[in-house]
Amino acid sequence: MENLKKNIKDMLESGEIAGFLGLIEEEGHPIPFLFTKDSLDKLDALTVPDIRYPMTDILLKIVRKYPEDTIGVMVRGCDDRALIELAKNQKILSDLIRPIGVACTKEMAEYCRCSQPYPREIHYGEKVEGVKDRSDLEKVESMDLSDRLDYWMGQFSKCIKCYGCRNICSMCFCDQCTLEDDTLILTGQAPPEIPIFHLIRAFHMAGRCIDCGLCEEACPAHIPLRSLYRKVREDMADYLGYVTGMDETERDPLEFLGSDGYEVPTKIDET
Amino acid sequence: MEYQTVRTTCTYCGTGCGVLLEVLDGEVIGTLPQKDHPINEGKLCIKGWNAHEFIYADGRLTKPLIRKGDKLEEASWDEALQYVAKRFLELKEKYGPDSLGCFSSAKCTNEENYLLQKIFRAVIGTNNVDHCARL
Amino acid sequence: MTESSQDENIEVFTYSEVENIEGFIGNFDVTIRKKARSVDMSKCTGCGECVQKCPTKVLSEFDMGLGMRKAIYTPFAQAVPNVPVIDRDHCLKFLKDKCGICQKVCPADAIDYEQQDELVQRKVGAIVVATGFSLFDWTVYEEYGGGRYKDVITGLHLERMLDTSGPTEGKVIRPSDGREAKQIVFVQCVGSRDEAKGVPYCSRICCMYTAKQSILLKDHIPDSQSYVFYIDIRAAGKNYEEFVKKAQRDSGTVYIRGRVSKIYDRGDKLIVQGSDTLAGERVEIEADLVVLATAVIPNPDAIKLAQMLNMPYDQYGFYTEAHPKLQPVESVTAGVFITGSCQFPKDIPDSVAMTGAAAVRACEIFSQDQLTIEPKIAWVDPEVCSGCFNCMEACPYDAIISEEYKGRMVARVRESVCHGCGNCAATCRTKAVNVKGFTDEEIYAQIEAPFFEEEVEVA
Amino acid sequence: MAETEKGFEPKIIAFCCNWCSYAGADLAGSMRLKYPANVLPIRVMCSGRISPHFILKAFQRGADGVLVTGCHYGDCHYIKGNYITKRRVTIMKDLLKFVGIDPRRLRADWIAASEGDKFAKVATEFTEEIRALGPSPLRG
Amino acid sequence: MARTGVFVCHCGTNIASVVDVKSVAEKAKSLPGVAFATDLKYSCSDLGQKAIRDAIKEHNLDRVVVASCSPRMHEKTFQKCIEAAGLNRYMFEMANIREQCSWVHDDKAMATEKSWEVVKMTVAKTNRLEPLQPLKSPVEKRALVIGAGISGMQAALDISRAGYKVTMVEKSPTIGGRMAQLEKTFPTLDCSA
Amino acid sequence: MAGLAAAFGSGAMTNSVPEFEDADCILITGSNTTSSHPLIASRIMTAKAKGAKIIVIDPRRTHMAALADIHVKQNLGSDVAWINGLMHIILKEGWHNQSFIDERTEGFEELKKVIENYTPEKVEEITGIPKETLREIAEIYAKSEKSSIVYCMGITQHITGTDNVKSLANLAMLTGQIGRPSTGVNPLRGQNNVQGSTDMAAIPNKYPGYQDVTSDEVREKFEKAWGGPLSPNVGLTVVEMINAIEEGKLKGLYILGENPMISDPDSTHVEKALDDIEFLVVQDIFLTETARKADVVLPGSSFAEKDGTYTGTDRRLQKIRKAIEPLGDAKEDWEILCLVGKAMGSKGFDFASPSEVFDELAELTPIYHGIDYDRIEHEIIHWPCRDKDDPGSPYLHKDGFARGKGLFTAIEYKPPAELPDDEYPHQLTTGRLPFHYHTGTMTRVSPSLTHEVNEAFIELHPEDAKSLGVRNGEKVRVSSRRGSIEVKVMLTPGIKKGVAFIPFHFVEAAANRLTNAAALDPIAKIPEYKVCAIKIEKLDGREA
């Protein structure tokens, strides 16, 4: 931890970064904070807690205002995957971001059912193996179609339309959200029109979702949203060989056909 | 470049959810649910998520106003406070303390409610103090 | 050739390449790289003195290596323009700073060793792509000797030998020993129609030029005998079938239906071993010369140009037309047309016919002072655009560019480039992109209408 | 639509691209081929225009089936619209299946301008398939 | 609010023999945004087009739906027609009730029902149409020909003969391409130059 | 409030929010929980997921009702009847908790006599609730290990509001569903600091901490603390003050952050009063409809611009913290009030911070006595918290009720003040939307929220609409004896036939122009917002 603080301090003092987005502990509560040269004293309160805030989402707000500054940010595996996707979507310039990587603990990895609980580069913590757990998907897959529909309509009908799943999502960076398009989904209703509200969001997550699970954590209605997005994420991998958050140079096959001839992956035609 | 989050309580209903107001360079730019708050545990409703939106809304009052004829005109604090004190004391003098009253507010803090009722009970001398809890 | 070079409406850049193309139909900006010729075209009279005196000999590409050229050369006698070029890879002046004879002998003082590549700009309204084809490297066929036998040649080699002004002055000889060839075996479909080692398609011209060559051979060498190994004869064209019959009947060319399984040498002869599937027997023919009809394939640098023009191409590298039936000469990029064998193997009549079509399409553009662009195209609302540029990736035409709007980068559709397909709009998650005439709202209304339970009183 | 002796009459929204499948549907007409009247066509220029929102909107409103048609691979008037459409539809079908909507209610097919018979065949087959599946569970 | 005119075409008996055209037109009157609806014998005929133009003026219509054949057939015809009546040509949609309805369905009730649905759908879209203006862009009257083989040269000559300038670019030092390498050409054995 | 205080000795929510999660049965009435208290609804959904039975009794099929195991629609204003009905069944079946009744309550015999008459048949007739369903509800509520009652304004905003609350208290005591975790009777507080403002005596009859103004002992304590004589008389309520203005008795009014022009019933009446009053001061952050009537407007600050404390609905003390400075020349409200006090020449307003104000109020308020700013930084404290070692009280009445014994009150059903008749044949009820808050001064300037809904509407049953000849989306005129508004129709099969609902957030079509201010609960003085008679008329021409 002391190394981490020193590292950040050096980067701020040398001007390598203009700010460092991390978390501080205030009266026992970890909250996001941007360290700058003027607030080095706050580094004492720097913390790597067992709860997560949407760091890259916050980062975007800062980057939008300071597009030319280099900014450091504490990233876990999920945040790091978000960085990769944000770069693909031209929301950040990777050259101007200094990720300080934190490897999650075994407990956290298990709590988050995280398949890759560590970032590309680890500055703090010990790398632990990811959790391979698709029990949430299996639970749904074990039902027949009509039970599934009952299950999901039951889940969706709890929705209070807080938009928390979208608000907390690192990949929901649009200024205007299609979920609020009143020609597509009626406004002013809670629950919103189901299942379209949730399915549109799910489809938008194809090629975007980095499987951090913050959406589900933020859902006051306890809808198992993440499994929807995990499903499309899995489909993107299965059918199109595309996994988000892995490589900045890869392109989303739902938009990009590839430059060397157009081919239909064989598995697709079996559907 | 200054960004911090301020732990506070949502102002929209009695549930009392913990929120973080995001402040960038002295401007509130967003609301986040406080992840470790015992009530909302990192969740919020639509009003909570947008609790910051009204802060800079058009029409926020920034100056005391005093009625001059049909119009409310800007005034200094000193002028406004003196005027309020003078008129209330005059009316108390003329019609007695029970000719005055106040509506306190369920939107305001405990401290503010305490102070307002203290003004009316201790300074004016009336129990004509109520608020909209029943409304 | 002469005609096109002398036409006053046509300017010709030889020894030049298209370096870059930008813009859109009616308004392309073209950059042409004129490679350094080392000969001043404005001074050169084409007297040929330099070529004669040049001491360096190089195998002639034009003659398929059957003859030699100099380091300063014109590819062939009637070349247009009749201005030589110095091959800097072989010229002693450039290799060792020696010689310099050409400069000394040139009466017009046209030799310029210092000449640099030159970039020329042109604005054009339409582009016709006619970059032709290249030939399949047959040496992958070990069974044909894999290139070890000098007397196994291609159709184009033979073509050069048959040329009376060519390297052999019309004599058909064996490259190995220079003797006249008497027994000639033609092998069809070398690389074509071969999914294993070559390409699956038919090259379309081989059957006909082989027939032609066998006829010409009989004319040139009356006591010669030609054999043709073929899979089937594809002679669909006016007078084509008759022409092949003429080769068989009048020139005595023997057609053997079957594959050649092996070519090997025995003494100074080549033995062509194959099967006659009609007779159902194996055959062996002793040959002086074996001529392979190698497959027509796209130019190796075809893809580079396609990318520059944002044109699609198929898996071999042939350019793809906008529609296989209705728009055979249009590329999908408006104002860019394709013709000749860069699209697919063609014989001369087809190429000329297709070219006429392409030219008409180009002239159609020029016949208008202003182009009317269909307004049912995509449009980005810059207020809504989040600047992820996924639409840019989805656009088949590169019609979407990035530009600044209120201090951030957003997408913009270049109206003249957009075709209105709507891929961008379907991709846009934030619905910043819409297609005029097919807006989301309009289509939602269509989708909803049948489910809208309005009580309608019929009067 | 009313119940008839054939069972229930499905309502099917069919998106057709202008150049191939819509033209194919027109050709089916010119050829006087017969198919069920349950397919309601919506013309778009390219199957690539068919946003996932359109498909979901149709199901949300109560469509019993959604048919997405376009040009054959390689024939797309706009080069590659149909490839992306196919990818979208594939992911969409799996998503629908995951939430319990029979993926057979969504079908993508490629119909050339010259394939009037194929349009009629697809429309007939699809209508019968949907009829067999019964009304959409999302119907009002 | 839109003022849409709906014209449901009999197309002689092509449509009317299967679809109850009159009832579709009658029902269309009650659709939101529809200010006028009628049926026409042959809407594409001069008479039919005149009826549409007259109705636009008489009922102050600002957009038009013609329910008849395929837009691939007559969209342009009717666009010109409404333009002649002073409307923007893009304030127009066709409902295809012939190729994709009366010609492919036998059951009259079902075909009429489908026509009605298609008209509803088309009206719903039309109500949301916005006028569009065609874009203009200038033309540089010069062609670039890449390659100076037989095709390239021919293209250059064809375009030149039509009176336009051509820039021809050839990679090798000479024009002529493959053809220059050839002896005589089939099937006539004439020379290739 | 008054009802619960009478029964238990304290008017607050008996349990804390997280406890809902562990209840086995939650009976919700008069609360559109997902709309008004979404994060409490979240706990209820968790409880349901854990197996709890959720029962909703509401004339509208609210979102919560749709999620419930049982939802029944009662006739408006018939709450006493169905609660008595439940008790009738419980007693008859012997599902009541006799030992709890014996040990901890009084007044049971009187109650018993009254509820004897409320047979399921009679109750069905009054309330419209089928007797079988009533029996089912009674069984689940009584027999569950931990049953909790949740209610809100749908119960209190009636002339029988206090009766309704007392009846719910009766029900809880009868079954012993109180005084343990996850049980109790829980009024959900609508506004962020209703609990706190009541605790802080923004009521005419109490000093902070529910100490009677009429008690000499208490008054002396406050006179000593505040350094002057205090009035021994109970003051006027909001509605009474408005009436007093009209009677010429009230001359000066100070309104802090309230908008009675919209929130109060019969707003035409309020408007006239505010026009007539001699001197009106409004302290607010927006120039509300009320502020426009003021003689002096003092610009206060939003929750983001000041420090202070709120008391949550479950008696939980929490801080708000200053994130930014007040806008422009505006000031923090506590500071303004101190300045007003000083300007009036008083010495008791010399505070440097809200924390100092809190220390003074905690000193005088026994239930807050053990609380200070430092403690609530680190602890979750629910009052009562009587000293620094007291951890606070997540739930109340553990070992005994605040008043000693729980008091049963025998109550007869009384119909609402205004029943439908030929002229006004429909009944109106009002309420909140999930997207707006109260009079909309904050939410209606919030783009994300106005995007969802920014227009008033009237929810009608499709069959009512049909007989009125109106269609979805069409504008209609809605009138009561007090006024009329024009609103859009929204067809809602989930509402009870004959009943209409209008959300009250929209000033341009204020539902409270229609509501019946004259009808007050005789004890709590709460107006009968939730029932009045209206007529609905088709406007000329098609939809606007």
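For clarity, chains are labelled A, B, C, D, E and F in written order, and residue numbers in each chain start from 1.
By definition in this document, a contact is a pair of C-beta atoms (placed from the backbone, for glycine too) under 8 Å apart; a residue touches a chain by one contact, two chains touch by 3 or more.
Model, not experiment: these values are computed from the prediction.
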Steps needed, at fewest, to go from chain B to chain F via touching chains: 1
Intersection of contact partners for chain C and chain E: D
Chain groups still in contact once chain A is set aside, others held in place: B, F | C, D, E
Greatest separation from chain C - chain, by CA centre: F
Highest C-beta pair count, chain pair: B-F
Cα-centroid distance, chain A relative to chain F, in whole angstrom: 40
Length of the line joining the C-alpha centres of chain D and chain F, rounded to whole Å: 53
Where chain A and chain D are represented by their mean Cα positions, the distance between them in whole Å: 34
Whole-Å gap between the CA centroids of chain B and chain E: 64
Touching two or more other chains - residues of chain D: 11, 40, 42, 52-53, 57, 74, 79-80, 84, 88
Sequence positions of chain F contacting 2 or more other chains: 38-39, 42, 434-435, 448, 452
Junction residues of chain A, two or more chains touched: 27, 160-163, 178, 184, 220, 254-255, 262
Interchain contacts, given as pairs of chains that touch: A-B, A-C, A-D, A-F, B-F, C-D, C-E, D-E
Touch list for chain C against partner chain E, complex: 1, 3-5, 7, 9-18, 21, 24-28, 30, 32, 37, 62, 64, 74-76, 78-81, 83-85, 122-133, 156, 159-160, 162-164, 166, 208-209, 211-212, 215-216, 237-240, 242-243, 305, 339-342, 347-348, 351-352, 354-356, 358-360, 362-363, 365-366, 368-376, 415-416, 436-437, 439, 441-443, 445-450, 452, 454, 456-459
Complex interface listing, chain B residues touching chain A: 1-5, 7, 20, 22, 24-25, 29-30, 32-36, 40, 42-46, 48-49
Residue ranges of chain D in contact with chain C within the complex: 11, 13, 19, 40, 42, 44-46, 48-54, 57-58, 61-63, 74-75, 77-81, 84, 88, 140
Chain D partner contacts - residues on chain E that touch it in the complex: 70-73, 96, 98-101, 103-107, 110-111, 113-114, 117-118, 121
Complex contacts: residues of chain A adjacent to chain D: 137, 140-141, 143, 145-153, 178, 184, 193, 195-196, 199-200, 202-203, 206, 228, 231-232, 235-236, 239-240, 253-255, 257, 262, 264, 268-269, 271
